[in-house]
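Two complexes are shown next, each including chain A; its partner changes from chain B in the first to chain C in the second.
This part shows the complex of A and B:
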């Protein structure tokens, strides 16, 4: 599903089949995360749902450390789950493509932290490999030690 | 509520009916900027696990796996959002007179 497609026909999305465990790519095609969970709006848990209540919608994709909880049950604390608003989703297909760059997303803060505090302090760690300098204009912003 | 709270939940009507094997959403035509809305839940009487894509109509191969998965999920049905009376952690209650729809994806 591409959101910009006009006159598209209704399409079904099954959570397990089409969304969960799908790779998330940023606008440049860089892998960012995996869809571990989905956040739904306005579902009154434990209360009777009045007839004609509008159906909930997907408000965000969630990614986080879910391996242990999938094996042993339970769920990670909300604070450990990184949230990507559905508004950032551009396309749902074999992968989920976002309309944002990974640099602006909370999903990849660990990679940025490791890059800035560990890799960047290794001699040569801030040097752009030769031959790749012109592959990606963003390299120019980070390079140069 | 997050989706994994719903997956695998026990579903009851007047009696126990099964487990939520998947949750179905729909993109409405012309709602390009709207998020998918919940259409219904797929209830499997015998299995909590996913149908692995074999709920797509016409998918029959590889046949041993397709036959096994379809046997595991025999009797599955779709319940629309309007027929859900109460959502609780690990338990979903349906309204009296709820309708059973086809779980197949077209």
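This part shows the complex of A and C:
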């Protein structure tokens, strides 16, 4: 299991437990994706790692339409994965919060496509449900930690 | 005063919302064949759904995470996709059954074939999901669903031999004419009907929809712990009515009109009208819940934006998915399958999917990182563990019993 102490609060993060399959929210608290994989620095595949190399650091969170390989195994080509640089990660709590807007990410293009071509065209599709504009409930202020 | 009203409203909604077509049909079938001798299963099932619905609501209120996000996070994509596949198929079956139920109830009133009502029922469900506010939707369906109290009224009007009903309930064994395997098949079906997974998906996602926080915990506990047991009593009243009227006459329940027959006998047209209104509301409410649950499970598994609190355009894939589910549901009903049979099968398969749904909730409810000081207490964990054993036993027994008894024939 990869461990990483990059986090500024110097908290132990278990890659499997705290990062993989966590919900990723954008800066406005809108769900973007789920973490599918991590990119680590300086771990070339298939090579012997010298004893005194510094421990690897997480350089990016990877997500993409890779459910099939997550379930049945195998490795998709890198182009299938969308990289979110670790620097864009604002907070790792019960969700992973990013400092980017989801509109700028390629991860959510299917959402935008369905919105622009189907749902947005049905009458009332852009109607804001009145009275339900409470603070976004998926903000993690209520998180236990 | 406003707080008291809020609690009362929640409880009333929970009573009406507890019963769906699965509960009504299964209880009537069981009552007409076994009397009240399976009443204990309803009690066990109601306690179970109280324990886990309350727990999932608490997790959602404290951490802001709905159940299916947790299922993927804790079980990993492989096991979670198994659960997703199973839950989604059951959800779709239940959704089909509920829309069929609305259409059948409308057929009782109008004498127009239910097949003609199906597209309208589905369209109405979609319009509500598209436009109506979440809390309004929940309260209206729940409150009108309260008309089902008519079943309890009918049971009193029938002036049954209470001693005999009590004996059946205490005896808790099969009648002479039915096989033991059939008895246990219906026990699993009743348990599955009471604990259907969609209730937990809906309850936890609903908590996020309504923006519950720690402050709402007392209210949610009151809703569940008072509302669900009262809903369970109505289930027993349905079984009781069937036991008093249908069992002695050897009438078997194959259509909705047989479920309502004892009511018509006891209370005449007025009570029957009330019950049909209740059935329409309860099944329409459940159709809304299952349609939303279908969207919730997949959107939460894949990390999409979801929820009725967003404009549809901001949860586009979520809304598209629900439209597709409704269309598939119409398609299934249009093949002419009997909605009552779809219902009976769906409650049995519900039992199969229960363990994978309830285990992650229990794990996360004990995780201080999510729950802070609101983690489960020891007694609750004890009860939940006992229930996991029962759930596992029911899940393992469901399919063999289904095959052995030929679906309870």
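Just so it is clear, the second predicted complex is superposed on the first by the 107 of 145 C-alpha atoms of A that agree within 3 Å, B and C clash if a C-alpha of one lies under 4 Å from a C-alpha of the other, contacts with A are read in each partner's own complex, and residues count from 1 in each chain.
The definition used in the following text is that contacts are C-beta pairs under 8 Å (C-beta built on N, C-alpha and C of every residue); 3 or more make two chains touch, one makes a residue touch a chain.
This structure is a prediction, so every number in the text was calculated from the model and none was measured.
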Partner chain(s) touched by A:58 [first = chain B, second = chain C, both, neither]: first
Contacts of A:75 with chain B and chain C, given as first, second, both or neither: first
Partner chain in contact with A:23 - chain B first, chain C second, else both or neither: second
Chain B versus chain C as contact partner of A:120, first or second or both or neither: second
Chain B versus chain C as contact partner of A:39, first or second or both or neither: first
Touching partner for A:13 - first (chain B), second (chain C), both, neither: first
Which superposed partner A:111 touches (first chain B, second chain C, both, neither): second
Common interface positions of chain A, toward chain B and toward chain C: 20
Contact footprint of chain A on chain B as seen in their complex: 1-5, 7, 21-30, 32-39, 42, 50-51, 53, 55, 81-82, 84-89, 95, 105-106
For the chain C and chain A complex, residues of the former touching the latter: 61-65, 69, 72-73, 76-78, 80-81, 130-131, 133-135, 208-214, 299, 302-314, 316-317, 319-320, 368-372, 374
Complex contact set, residues of chain A against chain C: 20-24, 30-34, 63, 67, 70-71, 94-95, 110-112, 114-115, 118-120, 122, 124-135, 137-140, 142-145
Parts of chain A lying in touch with chain B, wherever the complex brings them together: 1, 3-17, 20, 37-40, 43-49, 51-52, 54-59, 62, 66, 75, 86-87
